[in-house]
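Each of the next two complexes has subunit A plus one more chain, namely subunit B in the first and subunit C in the second.
Our next item is the complex of A and B:
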């Protein structure tokens, strides 16, 4: 009986296969939406910890967060070094980390900062950065690599690397001033892994003989001589600020937002993220609803396919009855067929999501700073899959019931 | 997958400057800081929400409305922290807009600060407000908080007057 059912399904493999693919794609969509939603939150929340304020030029708070913390997107404006000094030396401020972005190394962001960064920066649950090898940069033209940079490009301590100007891989090279790798960080699962860290002075030194974003023709200052120049930065991209007392945070935010020297923006990172989630919650719900609808359409398609097949299978079902199968068996067979196709579709969907997230992960990380984990579904995702299969089972009850009715009424020669 | 991510990013980028909250009628803002045993709440309310006008009072009725608003905002029961935290209110400070009579201001805000001293700050998990019962014109309060558990933002409404973390 089981064998017959399997053979029968195999003889209709094209229709069933197409239905299965439709369900698989629908499940893929549903799970992707859910996974990106969860992972975006997770990775954004994990990326910064213990920072009271993020300061940058006046743009949107989310945009500031994106480039200052996730090194994604670009800054519209820099802030003057004097403004940074005024904030860093404010009596309420405990520590401040300058951030200077804009150069890259083979697709990885280059971050100019102070050596303090490695001691001060926290991620996840107040975890510190750890060096897998080496130590922080001490001088000009020294670099500390994030774990993924070192692994992806096969770099070791004391290797020489050259940075490129701008964010593209095709930007002009700073080929005359190579950097020595002094340290490699342990993996963090945050954008730090994909960042090359150098000192602010190195960033200035790189651009000594540059004007307007291109090398000055005929001028070439060799690396050995840059120390003779004033390497204090004129401007930086953003700053992370920690306060002595948490109670000052809103006052300090107002102080920075009303700073007279130039238009600045200070955001509380946790607040900015929550406000971001508040505003995308509607979009998320809509996306989830649409994908749920797509799944429903897929399952309705399944029920329709099985129902339409019933007429052609009247003879087959009648023969099964003649062989001794009860109406209950016929009902069970049809329902099981639908449920199995749904389950197989869901399984294929999970497989597609796992493959797809592996493929999309680097792109999402680079563009949006979202760390997409390649993992088996868990929690909410499992609940979604269970809901899909349950709905599939429910939808299969319809053709099952029809078959049961038909097998009661029909003889070997169906009336039509 | 790509589309949904792009959608998310688009929405994110089209948001206005989030930290720069202007003066929006019907909407107040609340800043909450928890630092050791101190819970500090700073409330900013458009005068319009509280009394229905944003200018110097013109008659006794309007004067009474201003006084009533000030009274309501000074009430220590305006905010109720988690009972288990054992928080004792300190006298509230309410700053009403000063109308010096010369140039009418475009907008006016009331500022109220409520401080609490909490015996067990680790038990402090939420603050509930009764403000929506006093001011029917207020339909939301944008709350931002900074505490030992991190920072966050939430929108309080008459249906959901509890800030929890």
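Our next item is the complex of A and C:
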């Protein structure tokens, strides 16, 4: 009987195959949305650890997090070096890391910071940055590359790279002042991997002969002479702050938010991330609901296909009845067919997601900074797959039930 | 020995006001070959459904080979049908996506009894039957749906005969054949059913085909509903119409 059901299904392989593909694509969509949702969250929460406050010019908390930590988007305003000094030397502050953003190297963000950064910065579960090769920058025009920058562009230690102004790949070049690669970091799965790290002094030096975002015409200060200038930064983009005691965090936040020198904003990374999730949760839920609807449409299509095929299979069912099949067998045959097509579709969907995520991962990483793990479905995804199969089984009960009724009514002589 | 005995049978389709069949008495001896005729709608198909055990009468007994079908459960009736009855219908008897040979072997997958009775190798037996029914070996392995109607009917006959079922029920098996092939097919069927020793119930509306049968029975003669519509209780003018299922409602009749 099972063999017959399989052969019968095989004889209708075109329609069933198309239905199966529709279900597979719907499941692919559903799992992709779920996976990107989970992985995006994961990537974002992994990006920074052990930081008590993120400080920048007054703007939205989410926006501050986006540009300071994820190097996405641009800051509307900078903060003065004096303000940074006032915060960094505050008695409650244990350490502070200045961040200066705005330049790029072939699409990768350039971060000006202090050499302390490599010792202080933590990501994931309080993990430290490790050097795969080389050491931190020491002087001006030295750079430390994130693992993906090095890998993606094929750089090695002591290679020379030039930076460009602005974030686009086509910004004006700082071609006259090449940087030497002194270190390459181990992969972290965070935005650090896609960042070129240089000293704050290098950032200042790069822009000595620039005014208002463009090179001063006729003025060109060669690399050899920049040391003669005062390279202390006048302003930075943002700062990461660690406190001596976490209990001081709200007091310190108030201090920064009410700072008299200029309007500043300090956010708690966890709180800002929550805010970020709240703003995207709506979108997430909508996407998930749409994908679930697509799956339902696929399964409704399955039930419709089986029901439509039923009229043509009336004789087939009557023949099976005459041979000794009971109405229950007929019911099982139809229901099992639907359930198996659903299960096969779900399986194909999982396969597509696994393959697809492997293919899309580099692009997602580069464009959106989302680390998409190539892995087998787990937890929530398994629950989704189970729900799809269960719904498919329910949908298949309809043609099964109808075939049962039909075989009872028809007996041995089908009517049309 | 009696192959079939019907006593005081009353049958009515669900949701129908009138009885379809009222048969006080019908008896067939083992090996008897009977020609059962009547106009369409006279209850022939209903009677076949009852004999096959896919429908149950409201009253009376249907004994096949000494077993009262009305006292068996649904499963047991399905089992009985698979084990003891070979069916042959008007047309489209075959599963088109199986080969002719696999179609013939179907009863052996549904019934271990039929498989055992088909000899040491059911496959050889199926080939023997196909050969006997004038089907050339090159037609055995292609999809059954591609055979001509005449060939399909002979494959269906082979399927009904395999495993030597005690009862063979043929429902207008020649209606799709042209006139000169009808008699050839019937003679073949008579001969083969005699060879396996089966009781043959051959149903048709066409009396001209009745020539070579042991016995000819008109359904109107045994069915009291057809003799006098008023006895059925409904007072319908045309006899037998109650026996057609309402076509607009394929789901009815559970």
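Keep this in mind: the second predicted complex is superposed on the first by the 364 of 416 C-alpha atoms of A that agree within 3 Å, B and C clash if a C-alpha of one lies under 4 Å from a C-alpha of the other, contacts with A are read in each partner's own complex, and residues count from 1 in each chain.
Operating definition for what follows: a contact is a pair of C-beta atoms (placed from the backbone, for glycine too) under 8 Å apart; a residue touches a chain by one contact, two chains touch by 3 or more.
Quantities reported herein were computed from a predicted structural model and do not represent experimental measurements.
A.B. asks: Looking at the overlay, what does A:46 touch: subunit B (first), subunit C (second), both, or neither?
C.D. replies: In the superposition, A:46 contacts neither subunit B nor subunit C.
A.B. asks: Go through the superposed model and pick first if A:327 touches only subunit B, second if only subunit C, both, or neither.
C.D. replies: Only subunit C is touched by A:327; subunit B is not.
A.B. asks: Between subunit C and subunit B, which one touches more residues of subunit A when both complexes sit on the common chain A?
C.D. replies: Counting residues of subunit A touched by each partner, the higher count goes to B.
A.B. asks: Just to be sure I read the superposition right, which of the two partners does A:77 touch: subunit B = first, subunit C = second, or both, or neither?
C.D. replies: neither
A.B. asks: Is A:360 in contact with subunit B, with subunit C, with both, or with neither (first, second, both, neither)?
C.D. replies: After superposing on A, A:360 lies in contact with subunit B but is clear of subunit C.
A.B. asks: Looking at A:319 after the superposition, I want to know if it touches subunit B, subunit C, both of them or none. Which is it: first, second, both, neither?
C.D. replies: Once the two structures are laid over each other on A, A:319 reaches subunit C alone.
A.B. asks: Just subunit B (first), just subunit C (second), both, or neither: which does A:162 touch?
C.D. replies: A:162 contacts neither subunit B nor subunit C.
A.B. asks: Which positions of subunit A sit in both the subunit B and the subunit C interface?
C.D. replies: Residues common to the subunit A contacts of subunit C and of subunit B do not exist here, since the sets are disjoint.
A.B. asks: Residue numbers of subunit A touching subunit C in their complex, please.
C.D. replies: 1, 3-4, 7-8, 10-11, 315-316, 318-319, 321-327, 402, 405-406, 408-413, 415
A.B. asks: Across the complex, what residues on subunit A touch subunit B?
C.D. replies: 29, 32-33, 36, 40, 49, 52, 58-63, 66, 73, 245-247, 249-250, 253, 257, 265-272, 274-276, 278-280, 283-284, 287, 356-357, 360, 364, 367-368, 370
A.B. asks: Sort out for me which residues of subunit B touch subunit A in the complex.
C.D. replies: Those residues of subunit B that touch subunit A are 1-2, 4-5, 7-9, 11-13, 15-20, 31, 33-35, 38, 40, 42, 144-148, 150-155.
A.B. asks: Within their complex, state which residues of subunit C touch subunit A.
C.D. replies: 45, 48-49, 52, 54-55, 74-75, 78-79, 81-83, 87, 89, 92-98, 106-107, 109-111, 171, 245, 247, 250-254
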